[in-house]
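Beneath this line is the structure, given in structure tokens, with notes to follow.
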Amino acid sequence: MMRIELIKRPQHSALFSALSPIIALVLTLVFGAILFALLGRNPVTAMYIYFVSPLTQVWQIHELAVKAAPLILIAVGLAVCYRSNNWNIGAEGQLTMGAIAGSILPVLVPEYQGVFLLPLMLIMGMAGGALYAAIPALLKVRFNTNEILSSLMLVYVAQLFLDWVVRGPWRDPQGYNFPQTIQFSDAAILPELFPASGRASWAFVFAIVAALIVWFLMAKTLKGFEVKVIGQSPRAGRFAGFSTGRMVLFAFMVSGALAGLAGISEVSATINQLQPVISPGYGFTAIIVAFLGRLNPIGIIAAGLVLALSYLGGEAAQAAIGISDKTARVFQGMLLFFVLASDTLIYYRIRLITSRRAAGEAALEHS
Amino acid sequence: MDAEGGNAGEALLDVRGLTKIFGSLRACDGVDLKINRGEIHALLGENGAGKSTFVKMLFGSLEPYSGEIRWKGDKVRITSPGEARRLGIGMVFQHFSLFDALTAAENIALSLDDGSPIGTIAAKAKALSYSYGLPLDPYSLVGDLSVGERQRIEIIRCLLQTPDLIILDEPTSVLTPQEADKLFETLERLRSEGKSILYISHRLEEVKRMCDGATVLRHGKVVGHCDPRQETAASLARMMVGSEVSAVTRPPVDTKADHSPLLEIRDLSRKAATPFSVPLRAISLSVKAGEVIGIAGVAGNGQGEFFEAVSGEALQDNAGSVRISGKDAGRLSISKRRLLGAAFVPEERLGHGAAPLMSLSENLLLSRYSTDRKAFLGPLGTIRTATIESASERIIKHMDVRMSGKDPEAAALSGGNLQKFIVGRELDRQPSVMVVNQPTWGVDAGAAARIRQALIELARGGSAVLVISQDLDELFEISDYVAVMHDGAMSQPFAIAEATFEKIGLLMGGAAPEQAHPVGEIA
Amino acid sequence: MNILEAVLITIVTASTPLLIAAMGELVVERSGVLNLGVEGMMVMGSVSGFAAAYMTGSPWLGALAAIIVGAVFSLLFAFLTLTLVTNQVATGLALTLLGLGLSGMLGEPFVGHPGVRMDNIHIPGLSDLPLVGGLLFGEDPLFYISILLVIAVSWFLFKTRAGLTLRSVGDNHGSAHALGIPVIGIRYLAVMFGGACAGLAGAQLSLVYTPQWVENMTAGRGWIALALVVFASWRPWRVFAGAYLFGALTIAQLHVQAIDLNSLGFLPGPFYWLLAALKSVPTQFLSSLPYLATIVVLVLISRNRRLTMVNTPASLGRAFVPDR
């Protein structure tokens, strides 16, 4: 009988910290190829279409940035949460609420088109996301309520709220009864970075800046230290004099604000109006981004690009070889599994033992 | 196997060359040990000498790397605790292997492999417990029981399996001296019934008093077999440690120096925060500059809760219930209390006093970022890594912390070395008040002596030192005064010269103070 | 069949999947493992149950396929968390994300096809009794299975030695290991049982509740099942009560949405006005009630820290690496 034995490393392995996301990517590609073969496609062609063809033209790079921006923004916030052991899985809802809050001005006061319009929209979007994230945080601090379940339930609530908003009070009266708001005015649209070559907007810049700021916060400041200590061992955090309750609020509100920023940026730059569905599950995919980036903001930039590519690849594969774009989500799910599995190597050496007591037995026999 | 198999004159257990390797560490290295029928055999050694590893191999919970075990003359392989029980080997664990959410009877049922109904087991357990004078209610929840009662369940569970050999791992470390005496009576009776006992302890007096033979381990190797009755405590200690342990010296308190109280606790009460914690009942105590006060007590009598209240991890309603350096501190956070000059060392090293996966220098920042803000932090709250690392090296040097590599993670250090660092981290600040919970728990003798000496020196330098400990020997070694905690209440402190094991033991068991003063002693 | 009976029967149908999934998770959590992948395992059960029934024509084979797929799918989680000791929360999320993705891909060919419904049982005489006949003797088979499941789990956990062993592993895996109890093995079995239950619960949705395949058709029921286990303080009969509470709420809000006020003129004034008021609330708000109720219930139950502490399996969610 074969079994796997874990042997704890005396210290965590820096080598495998760096290698584990790469191992996970390689394993995902291997299994992806097998999946394509099972679907009756040539794995090499399929892999090329999936992971290379979406990067061959400049406008496609723009698309990559468009998809990566919300993923990076949200994942950077989630990293703060997960590092502090707060399981916010409701980023999709915070994104939705951020989008709604940020759309108040362009939808309700379309005549206002001043220079402060965009900054106000972004701030209101962040506030909307942060406040919505504060609900599960407060419930956790005050009532000890499991934040995983409450934050997730609030996703459904936010989506239904958006549905009501665009079908009810905010519906475009001239919109032929379609469930959508009026189109944002030009002043309310986040500008594109290089309009000549593609659609990538300032949202991508926000994402990179957010990642850098959070990296500095986590790596260089006492606040980041506080996040890490409380996440690793809350009791040591209390001994240090850090407040776990305030940390819950801080982590949730930071990640809610970033998710809200992602939401309003996406609506402003890409969709230009509110509609019942504004995100292909960025809030959930960002969980994968956060882990693939090893909860490190710099790693998350890279991971965000990889996951964005999986979205584009899915679309390309559907167009080119008729594979459902739903394979993208399968890839994403597999990737998270492999990342988590590879992370074991950071803290443990893995030993395969073929026969149950091979070592001991041999020794006993020879004594 | 051979003709001698099962011979009555044969040793019950004969272990030869038993070895266990963890990574690069030889936790047990060719250990030989022999136990006869009806013998109480001691296994002696320091913390980390390999005693627990050795008995876990005997009980089947660890598999040996090499070596052989002969049981009643036959070579056996003990592949699991179930197998050990079938052979007739029972074990009473040091940290108990009990289930808080289950009843005593259910706990016992889990290690009986016969599948009889709980009711039957409960009845049997109750009868057996009374016959040994260790009364037990089989339907009580383990989570509600004291440590002494928990140990009874462990012992009864073990005896119900009618073992020929009973292994006891540090059984008296959780008991009052009186409870320990009761345990010794039980063990004597078991010996007279022909059972053998492997007795693991580092308390030399009790080993001398009870055991017929002893095996001494050091760094995983047997350094000698002896008859403890022929040895002195000092000679046994030498065998265990390998060299003379530098004795801790306690110079007399300087009567001319300033003795103003630096830590005052007045009528401190606290409700139980969780179902498993102990409420504190009107504790008053005052620790003066220059002296060490020790607090004795059996585990689980409110020491942890008391430490939290004094340190500020839990706040009090009344600001005056804790005063540090003459200022009300009951409503202040632990950081603010540190700024008043106090320092704290909790019982748990990993996960409370230190974050396991963080480096030593990060763990230095953990308890000192508020007191050393100017040195350790820059503008915007940035961390000055270089300054902190050099401070960390200073502590490592001063306390002789041994480790591999530069600035390793806390979890990579041995218990003793990490404890030296954690105590050193606070001493480095020259605190005026030091509160330590279990300063040398699980620490080797050399490190323990160093830590104890450092605490005494801190006090003699003009600080107030409060030491909470379950180790009476330690308290006798370092305290000027001793108080006893029982069930959340604290006795009056009395001078160490007036203290005896018996008196402290009675207070630990909950006797009223007047009962703790036998007539003869007062006279 | 009168309206009340019809409503009660739909409540039963809405409650059954919650009950089955929560029952499985209860056993998993009692063994000390927190599997947040219920939603993913459930939706895998929905798609495989639908597909197998569609291809064979037999809803029973569909249910069986869902059970097997659920159990096998849960093995992924078990291997990662128990053998490779990965973080249980993150791995459970991964299982859910993978399940939602994989079911979407596998189910694509089945979208829009009419499903095979598992028929309600019919016992001549009994099922036709007035009032209680349909309710007690004319339900779908999975309802009876769900009730049997509650009885069986309750009996297993509290009346058998194996159940005691499972609870001991959830209470203190260190002690259990020291006594020679195979902690990891027991947890593997518990997780697979949870997977099988979640799979069956998912199949109930695509074979009984709405016999069709729609992507993400579990719509958060797996998460509600997880909340039910906490709500029930890890006790089987309280899970039963909780599941029916939620089933009733779901159905009530659906009925309010669908109600025709004109036909209810016979109701006494206050009832009529209450219904009319509810009816004027936008449907989205009514639809969000089960989710909001989940939060409210969690707040109420976890507010009492002492109570949760006493009831929560002490090893729940903690990593365990046996030393050998």
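Order as written gives the chain letters A, B and C; numbering starts at 1 within each chain.
Note that a residue touches a chain if its C-beta (ideal position, glycine included) is under 8 Å from a C-beta of that chain, and two chains touch if they have at least 3 such contacts.
Since we're looking at a predicted model, the values are computed, not measured.
S.K.: Relative to chain A, which chain has the most distant C-alpha mean position?
M.R.: In terms of C-alpha centroids, the chain at the greatest distance from chain A is B.
S.K.: Looking at A-C and A-B, which one has the bigger number of contacting C-beta pairs?
M.R.: A-C
S.K.: Starting from the mean Cα coordinates of chain B and chain C, work out the distance between those two points in Å.
M.R.: Comparing mean C-alpha positions, chain C is 46 Å from chain B.
S.K.: Taking the mean of the C-alpha atoms as each chain's centre, how many Å separate chain A from chain C?
M.R.: Inter-chain centre distance comes to 28 Å.
S.K.: How many angstrom lie between the centres of chain A and chain B, each centre taken as the mean Cα position?
M.R.: 46
S.K.: Please set out, as single numbers or ranges, the residues of chain C touching at least two other chains.
M.R.: 305, 324
S.K.: What are the residue numbers in chain B that touch two or more other chains?
M.R.: Expected reply: 63.
S.K.: Considering only the defined contacts, which chain B positions touch chain A in the complex?
M.R.: 16-17, 19, 23, 63-68, 77, 79, 311-313, 333-335, 338, 344, 346, 348, 350-358, 362, 365-367, 369-370, 377, 380-383, 404-405, 408-409, 411-412
S.K.: Considering the complex alone, what residue numbers of chain B touch chain C?
M.R.: For chain B paired with chain C, touching residues are 60-63, 80-85, 93, 96-102, 106, 109-111, 115, 274-276.
S.K.: Going by the contact rule set out above, which residues of chain C touch chain A in the complex?
M.R.: Answer in residue numbers: 36, 76, 80, 83-87, 89-91, 93-94, 97-102, 104-105, 108, 219-220, 223, 226-227, 230, 282, 284-285, 287-288, 291-292, 294-295, 298-299, 302-303, 305, 308, 321, 324.
S.K.: For chain A, which residues are in contact with chain B within the complex?
M.R.: Residue positions touching the partner: 7, 10-12, 220-223, 225, 228-229, 232-233, 235-236, 238-241, 357, 359-360, 363-364, 366-367.
S.K.: So in the complex, which bits of chain A are touching chain C?
M.R.: The touching residues are 4-6, 8, 82, 87, 89, 139, 143-146, 148-150, 152-154, 156-157, 160-161, 163-164, 167-168, 284, 287-288, 291, 324, 326-334, 336-337, 340-341, 343-344, 348, 350.
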